């Protein structure tokens, strides 16, 4: 006798939070076995998330009632805290699970020193738990806390290598994160002062286009823009991501930044939805275009492999910004944005992992001197290229589907009579070209004629995981329909 | 047997081995050769089965939802079979040639991996059932060919690769935009003979015109239409099998095939004429024909000359399509095959010269006919075929194009054909004459291929046989063009099925 | 069966060509070269009338047939190639490159035989092209600069001819709606189609303004090649005309008049320029132009006089056969200068074999020339032609005078080039030459005997005052000229008249051609200046990013983001 | 007197303290922009944070009844979070100073084209000499 | 009365803002830190005025106390590092602690440049005034106080803040504990504590004071913890007080820290989180929801969690003060 999936869903959601926390706590308490705990924990959480998503989709709720809300400790909002699972968070949870599992496997090979392992794994598991909680949180203040969990552990991981560049990047990252968090918190406080509740659903129901909401929106948006490294507040990203250990860079660029963006999206689709004005859309869109150009230009300039990848994140997030004005015209476009973010996260993570393998083998990641290693490691270069193709938005990858949908939305705005839509379309289409240029910069040395130099030996994990993840990113195109369907199961969203 | 799975099997018969080859260690050359030839052979057989099926009138379709409302559609009609069989046959040959060509050189796993990806993409293009699927494979082709272009790894090769990517990716984006736009306007329809945009011609005439231009820019780069052709001659730095592939089968043909699809199966010839689109295309194609020929005449490097010749010859296909009448389309479509066979022969020959004797320039060709008679013979057949002399393949094309031009009452096109033939003769006859009748005083620098050792033939047999085969094929398709299964017969079938063919056929 | 029979004729030489090409070392194969023409001759001689076949699978539908005109041309062609082939066996015996010569020889032979049998536009074009292009190999065979030059001009004109013919055929076939030659002609090509056909075929036939490849190519080619070029191949153009031009009850006045005018001009101009030449083969080449002029006149007349077109066309055919054989013999004679025998009988034969075809050409009684000329002029007695055309017959007669002069000049120059008598003659050459020369006598007998193809030839056609007086006039003029210029240098015109002008024009253009040549296909490096700019931009971008990274910038940007967002959010 | 009472009513803690908090927040932002030393920046951030808490508590104290316990709980949480972040930031600053020799933010993308392995990974866990100081700073002393 | 209070409020706020301003404008870091500690104390006063004694306690203990200690020890470390680099002799106390240049670089921040003054000022003013505007527009809502009040009887404790912290919003509190732990993990991942220079506290006064202070602190801590269930106080304040005692201990013997054993230390710092999580998971299994308690068990469980949390917080704060991870942790 199997009960209906709906009945299991709340337990499964809370269980996911509990499980990921438990893994982190156990690893913290027993650092000697942290990597084993991490591995099994990663597998368990991954399996749990997959099971949860199966439950969620199988529950097949109506789009309007799809959010499953779990009252923690039995206390309903507004008194208590609610976990909140809908199509959007489900999608991002699955994304997190995939990237995090890959990163965990990769880290098995990457972090080999015994002492390093003891430090790395607990922090990493906390980060993952924080991300899971972030995506499940349905309470404004709790979002602040989970953001802090994520940022503190992320900063610690950035500084992990202990080099001057890493620590310097970490300090900047931390200060900016604190600034962003405080700004976000100020917004939360304003909202609380106005409405006296913290639960997002309640807030959404009560919010209107008033001055408090406007100021809160400004503060929270700006704070999250800082955290999501949206142009022109992106400058912390390249140093931090460029000098972090490879798996950390992968998670940062793939998930952490996406997490902040998720929050932005969630807020603007819910609480702040009444505020949006066309001018706002255009401003954000223009910032997006600028991000595309600036990030790409910097990626074309940067001399280090990981810097290029990091700046590519800045550029790719430009797409997400460009999508804002599209969403004002076509509210359905938000699903496209999320799909794009998902695909980007997968691709970016695999690029970073591949870059990490190359850096490890060569002992550095200066592009000019990397040719020999690139030539000797075709498998890694292939992963780099495959994920790069996804970034460019070329078929057969998920990036293509995402780009297609974005372009469709952009052209839709033109057809709807928006003149500035031309700019968005040009940016969306042209961005791929810039991406191609910097991906080519990374891959091309592998094709130069010259000696091969395998460099230091790398573990099989580091050899194969990037390729596997890149393949997932490429095949994500086939998951387009499923993802978009899942995303429709988000109440409140148009 | 379920039709869709056959199409998938055709696709995977090269994709599978390709991916397997990527992960083969460099020294497993026997296994690699087995995979290569096995894949190519299986593909050939499967295409044969499909051919028989389509001839019987069976329907083949496979579709996979990609996005809401948008499917990945593979379908086999007579037109796709034309291109698919061409690629399958020529691919087999090129694979043999490439194995011989690259024997003993490094990085073969990478090369053959991408090589197989290329054929998969090409076959995918052939079997695409709608524009989006077409685009997917089209872009895949761009990416899969780039590693081949830069395979040598010299600075020149990398620059060429950069240029190639620059051109093709930009055009790909234009195409992408245009296709999304079109899909927004008309929905993700499958290719329909006679087009599916008829309903829109009243309301969206201007949009359709702009879209057509965008689509032509998108396809025109690969098809090397006039202002967009510069990458092609420069991409000549690639190894000979790659050039052969770029020019004969994959890349330029993909562009041309796209134009054929758009004109015939998206817009439909009638709508295209009504909107005044074919006239412009005709002028561009005609200009490209002449321009390419003149540039070819100026080139001394053999491969460069062949490249410009491709620029010129591919526009024959487009010319035929732009004539938009049954005979013109027959001419254009049949040239798709004929040009492929002929040009691949020529590039193989150029590769043989370069690889066996280190000859790259036309001025060095003197007397090569005595050293490599079979290759030179093949070159001669290819060159004469390009000029359009009977009974070679090129003649059949030119004949139909000429008749098609008259049928479309574009008499000036005949003048273009005449002029182009003269120019073709002017640049193909000199190397032929030098090869057979020129005197060489100093001895040949040979053997360049020390590792290959002495052979019974004028060069490595894997280099020679493909050349001979394609040359004979080029002769045969022209000589026996009256048969039903010849390319001409097949193309007539296509046109008969899709268009009302006038009373007589020639 | 019929198809196989008809196909054998052109395919046999083709197969031999392939064999020789593949196995150049096998000298025994070379001995077969002359004999592959034999089936053609046999077919012409013994085939039942009305032989035809169509092969659908071949080249969009091929039709082959042997009609009476074709039979005559086939006989001429096969015979001449056979004889010349025999001659070539001897002539090329010591040539290290002879297998190459034979390959081209056989390919040209294939084309020449095939085009006679072809009855549809495509296969006609196919064989025509094959012949023209392969003959190039014969022209340049010697590899001397002179040969290359001649070859170049030959090739340019040949290709031009091909292309024009192609365009003409396309137009004509489109108008006719089908590709059979008879149908095309029946549909009366007009306008562009007609002009293109006349020009395309006219180049091959040495028609007047496009004749200049002949005097260059013939002397440059080896002797047997010259013989077939002049004897058989240029007749292909003529045959094409006969097949494609609108010879029906309507005729074609304009074209007819044009052709008559061109033909007569060529007849005289060719002779005059020929007489001013030095080298025997050049003189013969101009003579060929002159003679082709006469045949062109015949074609023109056939268009002008539709009622007697059958007669006239038959006459032109006869003339073609006669001229082909005689000219072939004379060309071979030019290759016999080193074969002057010592014995008295042989010496007489030597003289006879050169004089006999010469006499035939001028139309001396009892020779083939006499029949040909008389038959050609036959219908003109009865018909009155308008305007200046009324004098056509007189002009045709006077042409014999010009021919006499040219041939006198030939004989003079030929004799001057004779080498010392030798022992040990080359029998194959002698046989070939002799048999061709004797044809000048045998053909009229045969014709009068059998009147093939209902040819209106009678015995009295072998005589006639109108044949004799122009010859006498010519001899007289020749004598006078000889007296005048005996001690002085002969006035001469450069070989290839118009070609000289064109070459001069080409040479001036050539100066510019060097700069026209494309550089080798290297993608250009980015120019240094641009690279500098790129470096500069990199530095600037990095500096800009540094500025953005400064804390105060971050803070200010954050604050301005706050402000900007606030402003845009204001309703 | 009436006016004063009204003023007093207007300037109730529920309004006054949030205003003060806003001022502190803005001041912290100003300090963050203007000051260079990392410790000072951390102080500025803490002042900003205090501003936020002041707003929160002020908001909680609005109205007639007892103050909102939820807001106070949130503030408590916030304070602990702030001290944790501060402690970690200070640890980082010390570490950075140990590595580079100064406690100000490096300018620009410090990673680009600069050798990354100049400080070996071993030094992270074992004892190692301090690295060479970076040549440039984001200001001239 | 209310006028007086308003005046008090205004003076207090002016003081707070003034101190903050001086702190931010100070070029001498030591001075800035001292001002910041003053700022924290003033804030505590303000919290009291806002009827938030819990927060005031926490501010005094954590905001001013612990943060101040952390800042001071950081300054000390920076100075030491600078001096060390300057002298070029590692791990020896510098001969002149107030050496001119090293000190200048480490503990002195020159006044900011002029060019960013106006933009920064304007932006700060604009942001501040926008905030104020928004705040002044807000209604006089009572927040969640009535709701909390209505549920106090089932919360298991009497003090509403503790009820919110450990029952209604236990998840937040759990994560807060986690954040403290993560900050420590982060600090530990940077390196070992013995790589961080420290100076022995001068003189015999400190050890002497310690003997007196530590027992008092422990007693106070336990009391605060216990009081938390019904009156102002609780785990964080208690942890902070205990932590302060620990910090004093550390200060007394900075060079010879006891060789902290790895496993118990780890267990200690994770005890609070682990126990909290265990209880939470039990709640999930028992059907009260994640982090939920059966009504009857609420009080003991809360107390249990608070005890563990206090222990962990105290340990963690001390560890954060020490900054590097103990050698025992690597074993």
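Observations on the model:
First chain written, first letter: the chains are A, B, C, D and E, and each begins at residue 1.
Keep in mind that, in the parts below, a residue touches a chain if its C-beta (ideal position, glycine included) is under 8 Å from a C-beta of that chain, and two chains touch if they have at least 3 such contacts.
A quick note: this is a predicted structure, and the numbers were derived from the prediction, not measured.
Counting only chains that touch, the fewest steps needed to get from chain A to chain C is 1. Central chain by Cα centroid: B, whose mean Cα position is closest to the mean of all protein Cα atoms.
By C-beta pair count, the most extensively touching chains are D-E.
With centres taken as mean Cα positions, chain C sits 37 Å from chain B.
As a whole-number value, the distance joining the C-alpha centres of chain B and chain D reads 65 Å. Averaging Cα coordinates per chain places chain C and chain E 107 Å apart.
If you average the Cα atoms of chain A and of chain B, the two centres end up 42 Å apart.
Among the residues of chain A, those in touch with two or more other chains are 115, 141, 145, 148, 152, 155-156, 159, 162, 167, 172, 179, 186, 190, 192-193, 196, 214-215, 218, 235, 238-239. Each of residues 116, 119-120, 123-124, 127, 130-131, 135, 138, 141-144, 148, 168-169, 172, 176, 179, 182-183, 186, 190-191, 330 in chain E touches at least two other chains. Contacts with at least two other chains are made by residues 542, 545, 549, 552, 555-556, 558-559, 562, 566 of chain C. Pairwise chain contacts in this structure: A-B, A-C, A-D, A-E, B-C, C-D, C-E, D-E.
On the chain D side of its complex with chain C, the touching residues are 29, 32-34, 36, 41, 105, 107-109, 112, 138. Across the complex, chain E is touched by residues 4-5, 7-9, 11, 13-20, 22-31, 33-37, 39-40, 43-44, 46-47, 50, 53-55, 57-77, 79-88, 90-95, 97-98, 101-103, 124-125, 127, 129-130, 133, 139, 141 of chain D. Residues 21-22, 24, 55-62, 100, 122-123, 125-126, 129-130, 133, 136-137, 140-141, 143, 151, 155, 159-160, 162-164, 166-167, 170-171, 173-174, 177-179, 192, 516-518, 520-525 of chain C are the ones that touch chain B when the two sit in their complex. Looking at the complex, you find that chain A touches chain C at residues 172, 176, 179, 183, 209, 214-215, 217-219, 221-222, 225-226, 232-233, 235-236, 238-239, 275-277, 279-280, 282-283, 297-298, 301.
Chain E contributes residues 116, 119-120, 123-124, 126-127, 130 to its touches with chain C in the complex.
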